[in-house]
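These notes concern the structure reproduced below.
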Amino acid sequence: MLLELAGVSRRFGGLAAVADLSMTVAEGAIHGLIGPNGAGKSTVFNLVSGVLPVSAGAIRFRQAPITGLTPAEICRRGIARTFQATTVFREYTVRQNLLVAAQPRVNDGTLAALFRLRDYREREAAAVARTGELVSTLHLDLIADRMVAGLPHRDQKALSVGMALATGATLLLLDEPLAGLTLAETREVMDLLRTVRAGGITVLLVEHDMRAVMDLCDRITVLDHGTRIAEGTPREIQTDPAVIEAYLGAEA
Amino acid sequence: MTSVRSIACIMLVALFALAPVSSAAEKTLTIGLLGPLSGGAASYGVELLRGAEMKVDEINKAGGLKIGGDQYKLKLISYDHKAIAADAATAANKLVFQDKVKFIIGNAVGATCNAVQTVTEPQKVLFAFVCWGTKNLGPDKPYSFRSMLSQWEAAEPFYRWIKEKHPAIKRVAIISPNDTSGLDTNTAVVKAIKALGFELVAEETYERGTKDFYPLLTKMIAQKPDMIDVAAAPPGEAALLVKQARELGFKGAKGWTAGTNPFNLIEVAGKEAAEGIWSPVNINVKSDFVSPAVRKFGEEYEKRYKELPGVIAVANYAAFDVFTKSMVDAQSVEPEKVLTAITAKPHDTVWGKVVIGGKDTYGIDRQFLYPLVISEVRDGKVVDVAQTVPAALKK
Amino acid sequence: MTLNVLVQALLNGFGLAMAYVLVALGLTLIFSILEIINFAHGEFYMFGAFVTYLAFTQVKAPFVLALLAAIVVVGLAGGVAERLVFRHLRGKTLNAFIVSLGLLWVMQAVAQIIFGIQDKSVPSAFSGVLRLGGVFISIERFAVIVCATLLIVALYAFLEWTRVGRAMRAAAQDADGAALQGVNIELISALGFALGCALAGASGALLAPVLSVSPWMGALPVVKAFIIIILGGMGSLPGAVLGGLILGVVEGVGTLFFSSAAVNMLGFLMVIAILVLRPRGLVGGA
Amino acid sequence: MARSTFLGPAVTLALVAAVGVALPVLTQDSYHLDVATTVAMNLLLTMSLRLQLNTGQVNMAHISFMGIAAYASALAVTRLGLSFWIALPLAPLVAAAFAVPIGLVALRLSGPYYFLVTFAFSEVVRLVFNNFFVGLLGGASGLVDIPAPSPLLGLTFTDKPSQYWLMLMLFLLGAVVLVRLDYSRFGLLSGAIRQSELLAATLGVGVLRVKLTAFVIGAVWAGVAGAFFAHSHHVLHSSDFGLEPMVLLVAYTVIGGVGSVWGPIVGTILLTFTSEMLRELRAYETLVYGLVLILTMLFVPDGLVSIPGRLRRAWQRRRAGRADAMGVGVAA
């Protein structure tokens, strides 16, 4: 198992946003994380990426515990994430945004930078090269050198996914990458995710577009009020009574 | 084409021809002034400026100065250094190199004088100030003058007067701001107190701008002093000190060695708190001890600025007086010649007779010495009670 | 060191502490709503003092009226400053710092031009001195303690029990959250800024008769307010009161044993020590 | 960190150097040279301050590191008998020795707490200069008679022009280092932190490391300015390292524009000219200066240096607008 959550919970005062959640993500898969609004999906992302400390339980990545590490350390271990509200560096160009993400494992050795030492130059060149590849795979060539502030929302969304990829992470936590996209653009991003999976990168996907989730995901975990109510293949989830009840309210 | 050029040449020649003809050309002598004109110490700076403006207008109204066949009108340029040493140096540079002044008459707040002197001394610019640091005068600073009696001239005669007139006073507590002039005043007063056999029971300093003195006064009053000397505290803070001391039950005598403006003190502290405070350095423009000239100056100043002058305004007025008279005596505006004229003989000024002395304290005669008038506040009025004449003046 | 002197030192410490707490409360209220530190907060304190000066000298108004005038006028000025300038700077720490610095210079310069450079006294409604055994306190100062405490209690009541007060506290906790609950953030931040300045103005009005007025009187109280909100924790009313008392005792008693410079330094060293141990201040408010 | 300056870093730096070198040729007037020397010193102070302000918080301790180095250098020369040319590199290291611990404390805090702890530190340093170790530091009357830099390779540094050249060289050395840093990975990361610290952290940027480096490098270059200041002014007083000079440096940097390494240069030069021009206005000087600060921050929040960038982006948007209308989208 690539990622394991064991009895993880997070309380804000009395409210338990995530309560005793255990789940696992297999390597190389696209793993869906779905549930009604306020089910605790974004909180899970904040816990795994180290932005929020857990109240209880443990998180293991490649069998090594990562609970308590800083977001930067977790990123260097190989977990990158995007945010529900697409956050990018608005005063930088697209290329600069990718470049910031492109070298998490490089120590930002200022002295090396100052005297342009050889290994600094090599790593800098490698980063620039990687950025170039990403710009083309993400079809961002036309706007690569435009200030992000002026770009339309969909380009910024594509860029935020690109930045997660640029870190060289092996596990991506994508928070609603399809929100607000047209049909054509949704298909486009789904293709991108498939190529990402083909490249051996695991994706934990929070998404409300059920058709896309069912189409893309190998396995799905369903959250409601912070606890896991179901986990399985897309087909199993579609027929699971607990899921239907959570989504459609107690019908019968 | 050529005709235009030739006409231009003729005009040029004519212009040059005219120039030497007029003999008594009208000239302007620029004099510089520096000081804190904003911020907490602004009262010093503004008084310096007003004293200077009064004398400059007086001279210009009387037609200016007749020196070496020319008639000089005076022009005053003043800059605000906000009591920051680096600013004072920059302002001094502007006066000396941009405005080409050879005389800077007026500066206040100790540390800024050191900074200005790094500019004026090498450039041989005559510099008169009221800064109180001991290091401001010395043989290595021949072009620097102090135009007001400092604590070194006032403390000893003041405490000698107290010893004679009020023998009951034995235990003295003193307090000053913790800046250059404050600390130097404390040193001078402590020297005088010890020399005259008083007992120093407390020596305190406070951060300039403090208003609530209850904590410090409680500590001082606990030592049971017979007298509290608010030494170098500016008028506003000295008023709060005496007012709060009275509130804390202190009934003893009150002194103010560096009292620059008792009228402001009375206004802020109120009559009861200010009652009986002695100060040796201030000048009471309304009292009968002083010459009619001072009384006239006080009236003109009050008419013009709606406030009574403090001693700093009178000091700078007198400094301008001495400098301009010396220029006329030397019939030159060259600093070297004016310097010798200033130190040559005593001068008649608004203070009365002024001698340039102070060699025994500073190693060089650059301190304005004039009669020391000790005043006392009685029922809200400043009354002069004694006058001592510095030894140098007796000769 | 007799008991009398020690009690007097403690009383000195508490004496004006509550007035400085008012300044600190104003500063922390403005910070929690607009997330900026108003560097010119001391100048609103000075503004309040000059309003009282005018009320007493020109109009011979009674004490309470002069205090109310200061609170209203300075509050209005605060509201105008928020509407014209500060509302564009929410959360922009650097820009807000420069703008408040500019405002500080403008207000000091205007005060110097209008009122001149000499310190002025404000006639006091209370005269005479209270003597309890060997310990003294002027009735004027006693009035400051009483009024300041009453104002603090009034502020606490306002924030706890009135609708506008609760909306302000909500906005202070989380501006976006409050907006979702229908709180009119624009109005509340204007009112909050006005109230913050009014608190400083009230403190200035109370202290004017005790400490005299000058255009530069605002510099020291705002530094004391900084220390108080660190001791008490940013954004917490009880914390500010606690911070004010601690600073008062340190200055009152400390001066008996150390020089004034050392006591000043002690205040700043406490700030550094607390921020190292508890980054949100002692009580660790909002 | 707006990389897209018109002329590229090297050319812009050369332009600034050219202006600096040309100045003493144009005017030998000591006042002009004195102001120019002060401007060059302030440029070094603001460019090094910007490094730290660029991470988004107001550091009030910058002037204290200048002061610590100034006193250290003065004492090294007057008490230890070292030559100025040994004290010059040593003094900034003394400043850095103070900057590391204070930086570690301050940088764990954010927003107002960071401002307050650096302000508290700067007041402690000022009070020490003014009231403590008076025998060593000169106390309230200041440390006086600090000698000018001793001759080097036959050159003397006692008059205005030579001191201007020395400061210009120190500034240009600092500018080269700071610009190289800014155009390197370090500059990219500190700009990213300013825009969104959380995003930078989740992308693997060691936020505390970058901030501490900016803080200490800033202190080192402030130290260089301090060492020069001590030996060119010959007098040191606590008022030179208090609140007033510090807030001026922050104003120069933010008005100029924190987002670009060129911001402080624009801010320092323009505002120094303004205050020299206003010198005659006395009480009105602070009034006008205050209004200049308020209006600039309201109408040009990103600082004067952002104006050309904003104009170009507006022009670009108008051009791009037309492009979108023609269907040249991104991923089509």
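Residue numbering begins at 1 within each chain, and the chains themselves are lettered A, B, C and D in the order written.
One rule holds in what follows: a residue touches a chain if its C-beta (ideal position, glycine included) is under 8 Å from a C-beta of that chain, and two chains touch if they have at least 3 such contacts.
Quick caveat, the model's predicted, so the values are computed rather than measured.
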Chains in simultaneous contact with chain A and chain B | D
Give the touching-connected groups of chains that are left after chain D is excluded, with no other chain moved.
-> A | B, C
Far-end chain from chain B, centres as C-alpha averages = A
Taking each chain's centre as the mean position of its Cα atoms, how many Å separate chain B from chain D?
-> 38
Inter-centroid spacing, chain D versus chain A (mean Cα positions, whole Å) | 40
Calculate how many whole Å lie between the centre of chain A and the centre of chain C, each centre taken as the average of the chain's C-alpha atoms.
-> 47
Identify all positions of chain A at which a residue touches two or more other chains, and write them in rising order.
-> none
Set of chain B residues in contact with two or more other chains = 38, 178, 205
In chain C, residues with contacts to at least two other chains = 108-109, 112, 259, 261, 264
Please list, in label order, each pair of chains that touches.
-> A-D, B-C, B-D, C-D
Which residues of chain D touch chain C in their complex?
-> 53, 56-58, 105, 108-109, 111-113, 115-117, 119-121, 123-124, 127-128, 130-132, 247, 250-251, 254-255, 258, 283-287, 289-294, 296-298, 301
Interfacial residue positions of chain B with respect to chain C in the complex = 38-40, 42-43, 46, 178, 204-207, 209-212, 214-216, 218-219, 222, 235-237, 239-240, 244, 247-249, 264, 267-270, 307
In the complex, the residues of chain B that touch chain D are 37-38, 78-80, 82-86, 89-91, 93-94, 96-98, 110-111, 114-115, 118, 133, 135, 178-180, 182-184, 205
Chain D residues within the chain B interface of the complex | 29-32, 34-35, 38, 130-131, 139-142, 144, 229, 233-235, 237, 239-240, 242, 244-245, 276, 279-280, 282-283, 285-286
Chain D-facing residues of chain C, complex = 31, 35, 37, 39, 85, 88-89, 92-95, 97-99, 101-106, 108-110, 112-113, 223, 226-227, 230, 234, 259, 261-262, 264-265, 268-269, 271-272, 275-276, 279-280
